[in-house]
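Structures incoming, each one as structure tokens.
Shared between the two complexes below is subunit A, which pairs with subunit B and subunit C, respectively.
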Partner chain A sequence: MTPSDEPSRARTAQRVLARREARIGLLFVLPAFIVFLAFRFGPAIASMALAFTDYTIGATPNWLGLENFRRMLDDPVFWSALKVTVMFTVMTVPVSLAMSVGMALLVRRAFRGVGLFRSIFFLPVVTSLVLAATVFTWIFSSNGPWSSLMGRLGLPEETWLGNPNLVLPALVVVAVWSRFGYGMLILLARLQDVPRELEEAALTDGANAWQRFRYIVFPQLRPALFFLAVIETTASFQVFDLVYVMTGGGPARASYTLVYELYEQGFRYFNLGYASAIGVALFVMTLVVALIQRWVIGRDR
Partner chain B sequence: MRRRAYQALEPSRRGKVARGALLAVASVVTLFPFYAMVVLSLKPAAAIEFPGSLLPWNLATEAYDRVLSGQNLLQWTFNTAVYSLVSVVGVLLMSAMAGYAFAKKRFPGREAMFWTFIAMVMVPYHVTLIPTFVIIAQAGGVDTYWGLILPTLANAQAVFLMRQFIGGLPDELFEAAKIDGASEWRMFTTMVLPLCKPILATLGTFVFLWHWNDFLWPLIVGRSNDMWTLTVGIASLHQQNVPLNVVLAGSVVAFVPIFAAYLVGQRYFREGVTMSGIKG
Partner chain C sequence: MRRRTTRLGALTVVSGLLLAACGGDDAATGDGGSGDTQEITMWMYPVIFDEADHSAFWDEQVAAFEADNPDIAVKVEIYPWANRDEALGTALAGGTAPDVVYLIPDQIPQYAHTLAPVDEYLDDTALAAYRPNAVESVSMDGQLLGAPILMSINPLVCNKAAFDDVGADYPESWDDLLALAPSFKDAGYDVTNYWGSVDATLNTSFYPLLWQAGGDVFTDDGSAVAFNSPAGVAALSLLVELADGGYVERDLLTTIPAFEQTNTAKGQIGCTWQQVPADLEPFWGEENIVVLPPLRQRESIAYGTVGALSIMADPGDAAADAAGRWVSYVSSEAVTSEYVVASGYFSPYALDDSLYADDTRYAEMETHLDAATAGTPHEHARQVMGLLAPEIQAALTGQKTPEAALADAENAAANLFD
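After this line comes the complex of A and B, so read on.
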């Protein structure tokens, strides 16, 4: 063996090893990637394509161009669903965020029983919305506690789920109940990062509780609040379970949301092309909301 | 001085009382629906009216007898368990494998593949719903377990989290095993998976919870009554004018496993959900 052979032999061995590594890497990724291509990536592309056709199960699709989108713009049901969805989101997100901040501040410091309170407030988050909806339907029914409470407060005593103006606030109550514990937990983690010295210094300088919250605690929570706002907006835009069980979109389409329309068009009337177009519109809207929110965060920094 | 400031950050006596009162009220409001669910499910159908029926006496198991005998509830529970457990195993295995490869192996197309996963986290689930249903329907998967389970195994977030976690494990661990001549698969099962236990537990809890509570996909794929999951079955009871106590008895049966798991492994629930977000 001549000395000059040594490095080249080593290089060949290295190359063989690298090739083996690559093969193993691919094999390990493959199962997840195939499932992913078939059921996430492929469908996402197909959804864009279907939106331009009149596809329905068992028929050959015809290319319609922008017809579905034109139909959507002329469809009063779509506009009403959009309005309902936006109104639901605009009501749910701020209320839920405010509740999350409030509850996080209340269970922030360690005291006896604090763990139990945190567990209680997180319990609705792990509860199925369908189950919650069955109970809340009773709570809002004419002989349920909500109507009687409202009567006692001097507010309309009627069934909120039966009133076109009150059905959305009723759904907002359930949505907030089901998710404020999530926001609370996220914010709680951030609250641990607020430097204690800073708060103490502010206190010795005579800052009151509100000032300490406004100028020391709140700036620390800001990024987490934006994160929550994005998550909650997306979730609210996609509200379905509660609508399906509690109202079926009624009364008079007052709780008929976008995903509910997508469901009805796709799986009740089998207008899969039109339903896909609604899905694409939904995607564009969530994307726009996410971009706006990202832009706001960027500007704040 | 400093010490006084330290103590003063804790609420005053009055503040503590106020905090306690607020927390007590909030807890009662939060727990009330659970209480109502359980108590009303234990009432005879005729007796449900507010507020008398919220008092915990005159209890009867009539609703449970009915829901457990007539309404396929056991079948739905079984379906839900299959849907949740098989999915947990599938997602964990595939995402651990992919995460390991993305974190520790070099192969052509690695970055492109990884970014395909990441990009899809942005796309709402409902956008891909219709084509996914078309694929499953064409393949004959409507009303089958595999049609129900397979599409939900595509979990980009799980792959991402596994890659992050395994990427944080020191390379030396794996090199030492390689020198020992361990085969890749053996190394994966005897080293990678045990090292991933914490993240697998958290992720597994979340996947389980998500499937147990999932509604829209099982609603679409399950056509016949005996392929429904608990959420679909209970929603249908709710809409069929079945008496309230029977519907709520079904809800209690569906809730008990999650509640029991929550009592035991709360930490995993919290971590899993905060890591992965909420559902609409």
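After this line comes the complex of A and C, so read on.
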């Protein structure tokens, strides 16, 4: 036995222990994993298979190959829905992120009543979106508070939900309202980890608020922001409840999104094969966007 | 180590069992369990609003039927109206569909290939006694796909308080309606309402106007759409004129607000063909409901739907036979008469006597049943609505002319008929 054997044996013992722990860990995860496999992956894979068929309720599916995708490329409704979805995402994600950062910075420090403010700002996240959308439908109606506010600002006093150019901004307002609290919470947790001394040192060096945020706080927030950007983008690409409750895709398809088309094709017309194809397209697009975001925001890590 | 392996094995088995339990149970459907009894299930919806009354009605019918048919056990399940297509579609896909289901004409084309024709189960006198429009609404390719048990009608309903206030006569035609519009507007009323949200059905909104103008949604042979016609343009132009003049509530053109927030519910409206007296009575008061014949342009036609019982079991199956006997029983004139009076609808049978002799408004509606149609069932009916409704909105919000909107919808619909 040479002295060098000792640490190597310890390493082996450690590895055995680690493997054992991993196995026990796996055992704990297994039930959840199986449920996930059965109710998430299974249907997802099945729907990918359905995308290549003409499946409808109660009939045997026929294999169509790429026909559904070809139809999608020729379908003006699909392209208009894609455009609406992208526009909605492009408006929602930055506004929601900016709002989350802003609110997180505001409620970051301990002051009297901060807990109350944090709870209030988080409240929309745990509010049923369908319920909120119903209330917002009234808020945006011709006689609602939003229209009178616009009137006071000297803008036309009309319902935003009835104007093809304003319907998406209206939905963005509701989406941001319902989601910024979640982002705020994530960023708040991250902000607690930023050493106070760093900022105090910067303050002593004469850095102003913006410089302290830009050079000290922001770099620390980057991973959390990347996470939020991905989550927000995915959520925006999948926007459905708001459209379903508030506009039904109108006026004249100005708020007709991809998931709404998927729903209509699947559950109103029972074209489940075509609906699955739209789902696959949506999945691929979300994946690509997430990879791009990873490359841009997550580059340093 | 061995103990752990055993545990892992046990866990896998348990999980496997769990999965198996979650899987489909095709074998269980249709089997009544005890030897000779054929069990059938019917899905119903709250046609009678009061749940206890509704259950009691069906309990009574089931008991009466089972007494005469001891070999059949009927289970009636009452589901909410909301999302009923999702629930039914999922059940069909999962092999747990009911044997009998309540459908309306709008749904029938979607499920047509899963439905067994009901003609062979109904006796000829019953078939002959049905109102022809009730039968037509639930027939496809010459086959009756549901046994009608009730009918509804959306006549013209006017608000007496508003007419008294304005001092006007009730309208009979489109021209009358347009002529009334400015004086109603001056007095703070909308002359009528139009629900334009794209997820609202066109059956109660645009199609009645199209029919009144002599037009139709599809060509007679069903091989193409027919709404892009002079009748279609006339109908859409009427709506555009009402919208541009500010004679209808603007928000309703694009959204579906809570009903009590609408001018319609507030009584700030003259007439409507899109709500029935039952919707309006709680808001306007019984004394202000005036039921009138459907508006006339070339014809006086209203939307009216039919509630029918369809059979989802495979024809030739023992379950289908039992379902047929049950459907034949509950769609009889006697049972349906009791049902429609309890639920505030109308009989699909051409009866000699009114069921509503003591209620003038319902009696008035009853006289217009022959002028009601749910349109001809067509496999693309819903898709066509999905393409047409946004174009109607585009016209109502001033983005397109009526002609251009209908032409664009016609072009988009052409893809469905390739």
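Rule of thumb we're sticking to: the second predicted complex is superposed on the first by the 260 of 301 C-alpha atoms of A that agree within 3 Å, B and C clash if a C-alpha of one lies under 4 Å from a C-alpha of the other, contacts with A are read in each partner's own complex, and residues count from 1 in each chain.
We take it that contacts are C-beta pairs under 8 Å (C-beta built on N, C-alpha and C of every residue); 3 or more make two chains touch, one makes a residue touch a chain.
What you see is a predicted model, and the numbers here were worked out from it, not measured in a lab.
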Inquiry  = Let's test your reading of the overlay: on subunit A, do subunit B and subunit C clash or fit side by side?
reply    = clash
Request  = May I ask you to decide whether A:P169 touches subunit B, subunit C, both, or neither, giving the answer as first, second, both or neither?
outcome  = neither
Query = Between subunit B (first) and subunit C (second), which does A:T247 come into contact with in this model arrangement: first, second, both, or neither?
reply = second
Ask   = A:A46 contacts which: subunit B (first), subunit C (second), both, neither?
value = first
Query = For A:A59, is the partner it touches subunit B (first), subunit C (second), both, or none of the two (neither)?
reply = second
Request  = State whether A:P31 touches subunit B only (first), subunit C only (second), both chains, or neither.
outcome  = both
Ask   = Which of the two, subunit B or subunit C, is in touch with more residues of subunit A?
value = B
Inquiry  = So in the superposed three-chain picture, is A:T137 touching just subunit B, just subunit C, both, or none of them (first/second/both/neither)?
reply    = both
Ask   = Looking at the overlay, what does A:F267 touch: subunit B (first), subunit C (second), both, or neither?
value = both
Remark   = Intersected contact list for subunit A, partners subunit B and subunit C 23, 27, 31, 38, 57, 134, 137-138, 244, 248, 267
Contact footprint of subunit A on subunit B as seen in their complex = 1-2, 5-6, 8-11, 16, 19, 22-23, 26-27, 29-34, 36-37, 40, 48-51, 54, 93-95, 97-98, 100-102, 105-110, 113, 116-117, 120, 122-135, 137, 150-151, 153-154, 156, 159, 184, 188, 209, 212-213, 215-216, 219-220, 230-231, 234-235, 238-239, 244, 247-248, 251, 254-255, 258-259, 262, 266, 269-270, 273-274, 277-280
Inquiry  = So in the complex, the part of subunit A that touches subunit C is made up of which residues?
reply    = 23, 27, 30-31, 34, 38, 57-59, 74-77, 134, 137-138, 141-142, 158-159, 161-164, 167, 244, 246-253, 256, 264, 267-270
Request  = Going by the contact rule at the top, pick out the subunit A residues touching subunit B in the complex.
outcome  = 18, 21-29, 31-33, 35-36, 38-44, 46-47, 50, 55, 57, 103, 106-107, 109, 111, 117, 119-139, 143-145, 148, 177, 179, 181-182, 185-186, 189, 196, 199-201, 203-204, 231-232, 234-241, 244-245, 248, 259, 262-263, 266-267, 272, 275-276, 279-280, 282-283, 286-287, 290
Message = Per the contact definition, I'd like the list of subunit C residues that touch subunit A in the complex.
response = 4, 7-8, 11-12, 15, 18-19, 22, 85-86, 89, 92-93, 97, 110-111, 113-114, 196-200, 250-251, 253-258, 261, 382-383, 386-387, 389-391, 393-394, 397, 399, 412, 415
